[in-house]
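Take a look at the structures listed below.
Two complexes, one shared chain (subunit A), two partners (subunit B, subunit C).
And now, the complex of A and B:
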């Protein structure tokens, strides 16, 4: 939470709020969702339907916000090639396609269709975001993008998605170990912390060569 | 026009890739869910009926 506050405060104080609007929006929504979840958790308990509804609906909203944040970074990467319009077009198609696919999966369900749909959409968008982030990283390398902030933000998103995928694998491989259940909530802090560090340590004019990040030193 | 077709093909490719990856990952799953947001504990999904 404090990392999120730090990121938003830095963005506002240094007048980058609008420049990284969708990243800020995600962090603000994430903090609000956490507050709402904590409130519901405190008053209704972990196994209550109220907490379940609050959790899955806010998660769906946050996944859509994260998807939009990935698209905003893609727009910036492809902006210099004047491909922003097409990036938005692909984003809309992806969102509509994912919504359609999720609905097709849950359409047979007769009970609690909306909750099941929110859960399915959240899961599907997560995987779309994962694939999109790796494609974006490929584009960053191919286009020789040098803006440090942009490169580090894309990298941190890639790490975040990958860490969750690893976490998911661990949950499936070792469900009996309770510690695995706590890994995902701990990872929730990663994105605001890494974005805050990026914004604090690097100026807008900082440049790096991404090829150096993947080159194996000999 | 060709760029729009290319964008549509790209979107379709990403969607197919993502759903394929999800199917691959969840085939051997124990119905656990991937929750990628926030620090709150994940509620048990036992209350939710299966999709089919």
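And now, the complex of A and C:
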């Protein structure tokens, strides 16, 4: 929570709030979701259906917000090529496709449709987000994007999506290991902390050579 | 089957993003040279080598903490441990991995040495302020 407050406060104080609007929106939504979950947990308890609904629906909302954040970064990377419109169009198509696919999977299930749909959509969006971030990283390298802030924000998102998608896949493979339960709070702090560090350490003019960052030099 | 594929893909991308993220942290310190003070206390001659990392970290822990450095140092420490594991595991199979890991470890040592330089400067500043008072 404090990492989120730090990121939003820094963005407002240094007048970057609108520049990184969708990242700020995600952090604000994440903090609001935490507060809502706490409230529901306090009044209804951990085992209640209310908490289950609140947890899965806020998680789903946060995943969509993060998906939009990735698209906003992709728009910046492709902005110089005037491809922003196409990026948004593909993003909307992908989002609708993922919603449709998740619904099709859930429609075959006999469990409670509403929570199952939110969970399925979150899982699928984490994977789609990971693939998108991977493609975005490829574009950063191909287009020789040098803005340090942008590069580090994309890399943070990649780490976050990989970890979450991996956790969900592990839960599906071995349901008895509830890794998400333990890793979620740690991963939840990671994005605001790494984004805060990025905007504190590097100015907007700071540049690096992305080709030097690839694991296996080409 | 699908879950296994997603798990394998996620682990691969996690590793790739982790290495790239850590390299972006160490790369940011490469344009800063190691100060004279740090050279004196650590014995680093021209360039930091991978083996200097542990010594630099020991001295870092003796200096007053700078909160803004903390998380960067923790991530680089995790990267350094990962490189050690990689070196121990693959060095015999592939000498290229060993060379690569050693270069990366030297980058980690340089990052820590630059952080140490900042802490020594902060320490000096604090001391000067106390003397003035």
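Here is the rule we go by: the second predicted complex is superposed on the first by the 194 of 218 C-alpha atoms of A that agree within 3 Å, B and C clash if a C-alpha of one lies under 4 Å from a C-alpha of the other, contacts with A are read in each partner's own complex, and residues count from 1 in each chain.
Throughout what follows, a contact is a pair of C-beta atoms (placed from the backbone, for glycine too) under 8 Å apart; a residue touches a chain by one contact, two chains touch by 3 or more.
Computed from a predicted model, the values in this text were never measured in an experiment.
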item: First, second, both or neither for A:7, with subunit B first and subunit C second; value: neither
item: Touching partner for A:41 - first (subunit B), second (subunit C), both, neither; value: first
item: Partner chain in contact with A:127 - subunit B first, subunit C second, else both or neither; value: both
item: Partner chain(s) touched by A:20 [first = subunit B, second = subunit C, both, neither]; value: neither
item: Partner, of subunit C and subunit B, that touches more residues belonging to subunit A; value: B
item: Subunit B versus subunit C as contact partner of A:109, first or second or both or neither; value: first
item: Subunit B versus subunit C as contact partner of A:186, first or second or both or neither; value: first
item: Which superposed partner A:162 touches (first subunit B, second subunit C, both, neither); value: second
item: Subunit B versus subunit C as contact partner of A:172, first or second or both or neither; value: both
item: Overlap of the subunit B and subunit C footprints on subunit A, listed as residue numbers; value: 127, 130, 161, 165, 168-169, 172
item: Touching residues on subunit A, where the partner in the complex is subunit B; value: 1, 30, 33-34, 37-38, 41, 46-47, 49, 51-52, 55-56, 58-59, 62-63, 66, 86, 89-90, 93-94, 97-98, 101, 105-106, 108-109, 111-112, 115-116, 119-120, 122-124, 126-132, 135, 160-161, 164-165, 167-169, 171-172, 175, 181-182, 184-186, 188-189
item: Touch list for subunit B against partner subunit A, complex; value: 3-4, 6-8, 10-12, 14-15, 17-19, 21-22, 25, 28-30, 32-45, 47-52
item: List of subunit A residues in touch with subunit C within their complex; value: 127, 130, 134, 137, 148, 151-152, 155-156, 158-159, 161-163, 165-166, 168-170, 172-173, 193-194, 197, 200-202, 206, 208-209, 212-215
item: Residues of subunit C that touch subunit A when the two form their complex; value: 3-4, 6-7, 9-11, 13-21, 23-24, 27-28, 68, 71-72
